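For reference, the structure is listed below as structure tokens.
Going by the order they are written in, the chains are A, B, C and D; count residues from 1 in each one.
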């Protein structure tokens, strides 16, 4: 499912094929529906189910890079697989479009796809370029962590997969107390100050603990930490100066892909400080 | 039986007002097999009894039907009367024409009609009843107590003081259990070892108690009154008769201070040969062959230093494991509990910082015999903590972990608040993060109020996470009373972990044939009315093996279990009810359907050799069988029957109640 | 086999049966000759051409032993049952059908009309434009043709006339047949009404290993990975062995097929199916039963398709409730 | 047969249901006299054969009552009864014998009222259902 964050999408389209994953674009995909949840749950469920049923029709698995979309779809899958009555109701709606939810498709986020399916060995093989010695703070983002009972791609209390991937790229990623803290994103619409404060606090904590930067895998978190970095830092009186980039961007760089192709120029945070650009050795 | 007497009771007017007693007497007289039919105002009175005895004597009746009140009321009475009269008590059948007839209906005609049916069906059954004898089993007046914690100690002492021989089996080198690890006890703040040690000494010196430490129960056979138990006695590699407990070997050992000390929760180190704790009973060294160099490599320097050091020459590497066989009449199980390992809950940071500890570890830190000689210090740096935060219900009252309340956490934490202040002075900051404070026991609420009065910060809520940045610990806690989010910075976190069943309680229960409740603790026969009994007659439970409880309740339950056991041991022999299931070996083909479904494991397959061929058939242990009849109903070939409730007896009743002449058709 | 001074007189007859019992008689192989030596076979429709009238002509009790197989479905079979009873000193209900109705007894799940409907009208392979049904009398120009009446219900022999001995089995195992014949020849007959078979159930003779019986689900034979020598019931396969009289040396189980109950109930059991229901329900879902919700129980029971066909495959006609009730 | 008056045979476990029935009497609760009980120690003793035989003999209704789940004096007898009755129901359905004629209830020693209500209700149901079709078949 495509995202509105080009840098994320570009880097995914560049890196995955290198790891033997073929990306197919399914026509007819729509928004996952999550943003509407507070207004009309049924509609959200319908929209998610719709996307899922398209995958069903094509008989292929779904890569959902946005944790929030991933959550929406997983939740829909949970409801529909668990509640036959609801499944009937939704399928009745879907039939109008000649669709049907079956539930064969598997859902992947970048992190579990790379860590569990592709495997760290493959990553290590693909690495062409030795990156400078970096210690990057891993940020997961709430939606791929919780709610755990729904089965999320990573452990909700003690996630480790991103660190493992980074390590296989030759990048250190130390543990830090604020790792599970929220990016503040969800509060942005109705509580901007608090929202930015949360973002700021985490950025501050990260820079305070001497990390070289922050790696993440969520468009929304990216927006908060990357695009809104300056504002956020100011709001907590911090001079945080933290390069923030997508996991897939860092992977791409390690695989020796030209940074332009990875949309590194789209990152607003000081990614250049990392000294990652330059030719393959 | 062939000669049946029917005795109809008026019960004053309770029955006769609604039932035409005389017409019943007249009618049943006609029934074949009935040689006597009488009615009387009060059959349960002495006069009534006389009437029955007279008929036994004069009419020689061998079976009786008493039409009166509920058998739950007077069946024992009339069985007694029959027995006195010289008739077999088990050929008496009661027809309940009061509770379930005259009192329940308001038409005399219909009541009489129904009463008639009931009496006639009872006669039909009585015809098929057989005289039965009560089985008797002699009782071995010895008791086995498993577990040497406060529960086991209390039970042993009670039983021993009653004059019974008691075998107390403890798996550790010393008795004392969890209580020995505690510094003080709530709410009285008694010094734990000060009140425990005397009891341990008493056990040690009691003439009726055989103390078997460093031992484990291997297997159990038999049933109430006569259990045969095998106990494994692990080798101490120290001659207990010689060892004086001086501890010279301990200091001499080459592995000194190199092995984590279980008793101190790994906060300090011990030697390979060690004394569990200063007040250990028996106060004798024990050698841990897992870590002893000589045991592992067959050599220890140029000779084991312990041997050199021991003037009593008590060290004996040749000691072998022994298996003792005990014969006991009753068993008290007091195997205690474990604490949930907080490492399994990553968010609490137990595995991420040395300064996150459990209440039991803190207890050891506070204890003057503990690793820091009673000085509370940060495990990481050895400095005095300025702020301590206690997190309650770690794993308790948590659907994802243990749904139950540990029942000791709140009070333990509150007690430790006092101890911490004694230890670190008033200035230390103490935060308590609780779900609710449960101070249910006698004097507990008052204790809680006192602690609350001192400047202790109570937060009601569960922290989502303990954040650790090297020495610095932070906790976000949303206080549900003030509805505010607080961030706590603290030096030391004390977790109050859930109380869970012993790790091995599963296999232990299987070995002992005991059931467990959903939470994994041993199951009592009835939560309210039989809290010390189990479903295995003669085996009782006490203390935390049955469920979390504090010392007060544990001791009470232990004494209770002891007296329940004494009730059995004090009898010469046990009488068992003959109304039990019996297998007809000639019809049983050994399909084993009955065996799996008996709740008392009373059925076993026995192999017999008939004409050189091995044939298997089920056999029911008449002591274990409680006479529910589930196996009788389930036996697909009708090879099992229940005395007093045989198929043909019940079918005969059905037939009468249906006025069906070709009834009871067992071809 | 000692030949008694007087040669015995045997009769064989088949009621509603498949003919298997007849073959079973021949299955005693060369021993049939001993039988022939010891007895004359006066009446045996499948092998000897004797007319009913010849039988009627015999004086009562003329036949020593009559082995009657097959259930009673038609008036003809009923007549013959009475006739042979009269003419025979000893009447043996031979095989499951005669002893308890057998598989024909399952027809009691329907009645005559339903059966005719299926057999002669509503089935794909029948064209019967005239919708003709068998009737007791049918007029043709040559005169009137009669057919035996087709009863509404199938009955076992003892439900029609007085039976001396029962020899169950579908068909009865050779060893039991010989045992019976021997007993007759030697004149060592058990008390009237006895079943000529061991008293214990099939499990006694089953070679499979038996242990804990706690079923977590019901499975069909094709659904299980074949585990040699393990009690089939314990593998979740419904085996009526425990509720069925043995004597068959558990041959079906040797072939890894569950017992379906042709031996009939054991001596102390009034109703083979009822007993098996009791046993099976007791051990199905036994483990953790305290936590088993009713829906789950129902789901487990769904594994038992067609209770009657399963528990009364041979015994319906002689069962406590011996038919599907009308209305 | 004169006016139809349902005949109910009740198998009551000694510890709960039978005690409950006693309590109904002790409390002088009135219920129809159509029910006649047979006392057994545990509902687990109930053999489906008893019920089939009772139905064959023409009983209009059979009531089996035991302890509430978890209260069985013998731990688990009532669970087995529950499964036995449920399987029996399936058999009866196939034989077109109305399963409603066989009723399984949990009645505790303190539920005298419940016992009275169950009996009253059962009698009314049976009156609607009409007599057991097998009535009078066995003399």
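Please note the rule applied: a contact is a pair of C-beta atoms (placed from the backbone, for glycine too) under 8 Å apart; a residue touches a chain by one contact, two chains touch by 3 or more.
As the structure is a prediction and not an experimental result, all values here were calculated from the model.
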{"item": "Touching chain A and also chain D, the following chains", "value": "B"}
{"item": "Highest C-beta pair count, chain pair", "value": "B-D"}
{"item": "Interchain centroid distance [CA atoms averaged], chain B/chain C, Å", "value": "53"}
{"item": "Centre-of-Cα separation between chain D and chain C, whole angstrom", "value": "33"}
{"item": "Distance between the centres, which are taken as Cα means, of chain D and chain B, whole angstrom", "value": "36"}
{"item": "Multi-partner residues of chain C (at least 2 other chains)", "value": "269-270, 275, 278, 282, 286"}
{"item": "Overlap residues in chain D, where contacts from two or more other chains coincide", "value": "47, 49, 53, 76, 80, 84"}
{"item": "Chain A, residues touching no fewer than two other chains", "value": "none"}
{"item": "Pairwise chain contacts, counting only pairs that touch as defined", "value": "A-B, B-C, B-D, C-D"}
{"item": "Touch list for chain A against partner chain B, complex", "value": "155, 157-158, 175-178, 180, 209"}
{"item": "List of chain B residues in touch with chain D within their complex", "value": "70-73, 96, 98-107, 110-111, 113-114, 117-118, 121, 515, 535, 579, 597, 599, 626-630, 632-634, 642, 645, 647, 650-651, 653-655, 657-658, 660-663, 665"}
{"item": "Complex interface listing, chain C residues touching chain B", "value": "193, 199-204, 210-214, 231, 233, 241-243, 246, 266-270, 275-276, 278-279, 282-283, 286, 291"}
{"item": "List of chain B residues in touch with chain C within their complex", "value": "518, 584, 586-593, 595-597, 615-616, 630, 633-639, 641, 647, 651, 665-667"}
{"item": "Residue numbers on chain D that touch chain C, as the complex places them", "value": "47-49, 52-53, 55-56, 69-70, 76, 79-80, 82-84, 86-88, 90-92, 94-97, 133-134"}
